[in-house]
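As structure tokens, here come the structures.
Each of the next two complexes has chain A plus one other chain: chain B in the first, chain C in the second.
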Partner chain A sequence: MTRRLPPGLVWVAPALLVLAALSIYPLLYLIKVSLSDARGFTFEHYTRLFQDRLFTVAAGQTLFYALAALTLEFFLGLALALLVDSLAHGRALVRVSLLAPMLLPPVVAAVIWRLIYNPEFGVLNGMLRQLGFHTANLTWTSGRTSAMLSVILVDVWQWTPFLFLLLTAGLQSIPSEPLEAARVDGAGYWRTLRDVVLPLLKPTILLALLLRAMDLLRIFDQIFILTQGGPGSATETASLYIYRTAFRFSNFGYAAAMSFVGLVITTLAARGLMRLMKIS
Partner chain B sequence: MKTILKYSAALLAMAFALAPIYWLITISLKTEIDQFASPPVWFTFTPTLRHYAGIFAHDAFGHYFLNSLIVSTCSTLIALALGLPAAYGLARFRWPGDWSRGISFWILSNRMLPPIVTIIPMFLMLREIHLLNSLAGLILVDVGLNLPFVVWMMRGFVEDLPREIEEAALLDGESRLGVLLLIVLPLVRPGLAATAVFCLIVAWNEFLFALILSQTQSAMTLPVGIASHVTQYEIQWGAMSAAGVVAILPVLIFASAAQRYFVRGLSLGAIK
Partner chain C sequence: MRFVLSAALVLLAGCSRSGSNNTLTIAVNAGVEGSALKAAAREWGEIHNTRIEVVELPYANLFEKESLDLQSRTGAYDVIMMDDPWFPKLVAENGLTPLPRPPDTDFLASTLAVCRNAGTFYALPYVGNSQLFFYRKDLFEKYKLGPPDRWQDVLKAAQTIGTGEKMYGYVMRAAPGNSAVTDFMPLLWAFGGDIFDAQGKPSLASPEVIDALRFMLELGKVSPPGYAGFNADEVSAHLLEGTAAMSINWPAWIAAMDDPSKSKVPGKIEFAQMPSARLPGVAELGSWLLAVPSASPHRDAAFDFIYWATDAPQLTHAALRGNPPTRRSVFLSPGLVKKFRAFPAQLAALEGARPRPRTAQWNEIENAFGVALSQANSGAISAEGAMQQANREIAAILERSK
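Right after this comes the complex of A and B.
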């Protein structure tokens, strides 16, 4: 009965209590809110979810945004990491410059691109005009299809550095022996890349994709500043829709149900990815 | 030939990364005429500090700046004060079975919670205890954001230290707390500083929680203040860009101090 608690617990307990108060308790509270309305217990918020076309649209757009941005950021980040790694001079300078966008507050990054995208006075259309293009129809963030592409471009600008950084670190931790061996065997650059470098880089690649994907699925800041989800709902993502439902229309129950379902889906997806990482 | 191609590609990438930031800075230094000039003016304009003087003369802006400073500093200090002992406890005590790993992973999983999930209950809870529109509520939330990160990072740094010195001190009758403060703390100082820098940046840049939890002008942080002006005063490019530059500066200063630890910090210690 008197089995002693592990002695380290005293040291960890304060942090655990604070975190529990800031995560477990709110989570339970969230579930409670999602299951109640003015009259008491209800399951209505969850059934409504499956008939809400706006939610489906927002979820689909979140997925599209995340996949498009992740693909672009990964390939660009990998290409840049390999490129900079192979430079003879100035690697440190190039690396620091490439990392800069990632450090900015997302709000400021979005402000910068609002100035750039402005159809009338923005520098983007200004340069295009200089090159002789007609820019009257290039409205960037206010066109229905161009808005989505514009917000994705901002994401690519700000977060390709993140993949670049992790992949660079991965490249640097590859031991030199297998590379030497490949060279001795007469393997060319692309053979070495495919058969030696990329397999060794795989754990880093999966980790980087996982971390970035988790952030992409919750995207809010930049879109909120750039388009507020518009025009119409062309760039509405799950986080924005939940935000609007809760804090514009004060429908906390429904917003809670949506965020709980979103949490379950992303947790399962992350679990799946993590399992994939362990196998490899 | 191949070398030239490589360097041009690298230069192009650098230009794409830096030009937007450079553009923001130039707009903040231009008069309206130069801001809206067509074709755009990149280099040849007479700089003015008018927009900076303008925003600092505006009371609200000083508030935003101060609030951001208070929130990020306090939340970082609290997260470090709670996180370092926890990290030490996890790294240096005997735990039954898989406890240490299990607790660490649970702590880290808190970091994975999307803010939009916790913000609804947080808002309702803080409203009940009248902590909305107060810096205290925001500090609390930012502690939750940074604490998992502190524990995860610092556990790695403590584990990297050789145990011998600590064990010798314990044999000499030093208490655990003494060991932590007198031996471990000085040795992990670089790592602790880097961790603090990342916490400061996260709290400084944080937007969604601040947007919802501090809606009065006296409690707004810088990102929220900037956001509210973007949508209200679309045309004031000078003020907007000057505010943006002021919001960027601390981050760049913090970051240059912790460059060496970038990878470890940003991958949550998963790649050392």
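Right after this comes the complex of A and C.
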């Protein structure tokens, strides 16, 4: 008896092959590399993770960076989306203007901000000096405490438009009937926002947060250009440390172990958010 | 099916190296050092009827590309340009071909020493880089200060000029990694310290090293705020803008210092040897080398090119294109000495320059050391704490590499 293959399989086979070649095989290879060294099988790379001060610092800072940037970008994006949605005229123009930072490659944006942040010759301190502020101690990306804030600010500047874009699309997809019903019932702006708009926007909000959170957890390019993880290790993130370990120190096994742990954490966080989406 | 196979073969042929016998692929650093080599390669290609492919990469990416190529034996490059601290790592990966004949004695000994491993030469020195001490001679004269021969003199001069001119007396780079380490090494050596002791164990927690770091922090007080995040660009910008009076710097910046279109203080900066402290001042060596990967499919042509590119006439051309030479005869050439006023100082610095420790783990060691230095300079930890932390981490790196 011969079993016939499902006809659809032939059509999805190329996509499955590409997925296997570009995702599944590299993942299996990553796990293999993380469990081996020159002598053969080892679990040492994973045990080292818990003793490595720099990795702990980098992982903690990555989480802080992601949480801070996500919170700021979400509230700013939502506020802008609500504001633009309420405009009677010129919505398209405002929308295009707000999206401009997102269109720049992150590396280019980082180079521009590096020049802006220069304490002596940068535009930012220059403008503040013109306004009469004392800028001698405003060192931005070079300051021990201000460096993290400065790189988060660049992320917020560049990626708030992404959340704005998704939330605007979500707002426009809300049917007008519930809003009109709320108005007829005498609900004010804030009550309508809290009890009608936000619950209807919840799936879009969760999707936007999920996409942005995954991106933030692998932050690399902006920090690489702006601070290289410094001063000291004040802005060191997990991706930066993994990059250095693999490509500067040629320790691929340890870098693979860190990447795998990062992947597991990101997947678990994404699963949590997706479960929330299903509930909604 | 036959069509798919044919298409795949055509595609594979397209993806394979265009490496016929008439092609030489060269990996160069994006910058003045690489520009001169690119120009030389094109000239050599025309003479030898060979197609030259230049892969130009920023400093941060050049090492990783070269290291991956050497480890995987892909033979993507026929000639590689490398910073001298990378040599021990690349040679340890058995990725470099020994030179077919030893270099001649016209090369400066300090630049040749970093091309050799266990008595065998694997590279030729192309750019003779070593640090120099840049200072504003006009301001030293104005305040009747003696030349900055000792680090204590440097600090006093920085305070005097800083106060008198309302500018920064000194500027240095202390961003984590290479930047902080590079600017600290001359201080470390002058104060009698070293990264490793005679037994090869890390010695950064020694009183000499901690004193050197404390002195660096004193210099930080007369440097621009935020210097703990500075790289070479920021340091040179301060000198070019006339907002800082002194710094350690590299010869690649000399031309800009004398160029009125780039500098607000052209001709006012003097180039001197490293100041001394408990020991005579020593500059760090940062030579660029040329080598041939063992997987290169065109090794004969590649060697022909690197010997040609490092002969005296070609290094003279390279000097005119902005690269400091590695040959004594070129440094002493009257025409070049007349053209480049810093050549005598550069030659003296290069002759006495010290390389970074010759270990395959240098990148990782430099990272741990540089992070600690940057933390101390940003005020996050004390000098003692920073050096104890670096010492522990370097010991762990060495232990893991056994």
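The rule we apply is simple: the second predicted complex is superposed on the first by the 279 of 280 C-alpha atoms of A that agree within 3 Å, B and C clash if a C-alpha of one lies under 4 Å from a C-alpha of the other, contacts with A are read in each partner's own complex, and residues count from 1 in each chain.
The definition used in the following text is that a residue touches a chain if its C-beta (ideal position, glycine included) is under 8 Å from a C-beta of that chain, and two chains touch if they have at least 3 such contacts.
Quick caveat: nothing in here was measured; it's all calculated off a predicted structure.
Novice: May I ask you to decide whether A:121 touches chain B, chain C, both, or neither, giving the answer as first, second, both or neither?
Specialist: both
Novice: According to the stated criteria, A:242 is in contact with first (chain B), second (chain C), both, or neither; which is it?
Specialist: Touch partner of A:242: chain B, not chain C.
Novice: Classify the contacts of A:87 with the two partner chains as first (chain B alone), second (chain C alone), both, or neither.
Specialist: Touch status of A:87: first partner only.
Novice: Tell me which partner A:22 touches in the superposition: chain B (first), chain C (second), both or neither.
Specialist: The answer is first: A:22 touches chain B but not chain C.
Novice: Check the residue A:148 against both partner chains and state whether it touches chain B (first), chain C (second), both, or neither.
Specialist: A:148 sits against neither chain B nor chain C.
Novice: In the overlay, answer first, second, both or neither for which of chain B and chain C A:266 touches.
Specialist: A:266: touches chain B, not chain C.
Novice: Should A:100 be classified as contacting the first partner (chain B), the second (chain C), both, or neither?
Specialist: A:100: touches chain B, not chain C.
Novice: Tell me which of chain B and chain C touches more residues of chain A.
Specialist: Result: the larger residue contact count on chain A belongs to B.
Novice: Which partner does A:232 contact after superposing on A: first (chain B), second (chain C), both, neither?
Specialist: In the superposition, A:232 touches chain C alone.
Novice: Can you list the residues of chain A that touch chain B in one structure and chain C in the other?
Specialist: The answer is residues 121, 228, 247 of chain A.
Novice: Where on chain A does chain C make contact in their complex?
Specialist: Interface residues on chain A, with respect to chain C: 53-54, 118-121, 136-137, 139-144, 147, 227-234, 236, 244, 247-251.
Novice: Flag every residue of chain B that touches chain A in the complex, lowest number first.
Specialist: Contacts found on chain B: 3, 6-7, 9-10, 13-14, 16-18, 20-21, 23-24, 27, 35-36, 38-40, 82-83, 85-86, 88-90, 92-96, 99-100, 103, 107, 110, 112-125, 140-141, 143-144, 147-148, 151, 201, 204-205, 207-208, 211-212, 222-223, 226-227, 230-231, 237, 240-241, 244, 247-248, 251-252, 255, 259, 262-263, 266-268, 270-271.
Novice: Which part of chain C faces chain A closely enough to touch in the complex?
Specialist: So the residues of chain C touching chain A come out as 63-64, 67-68, 71, 89, 174-177, 224-231, 234, 237-238, 241, 243, 361, 363-364, 367, 371-372, 374-381, 393.
Novice: Contact residues on chain A for chain B in the complex?
Specialist: 6-12, 14-16, 18-19, 22-23, 25-27, 29-30, 33, 80, 83-84, 86-88, 90, 94, 96-101, 103-108, 111-116, 121, 123, 126-127, 129-130, 157, 161-162, 165-166, 168-170, 173, 204, 207-208, 211, 214, 217-218, 220-221, 224-225, 228, 238-239, 242-243, 246-247, 252, 255-256, 259-260, 262-263, 266-267, 270
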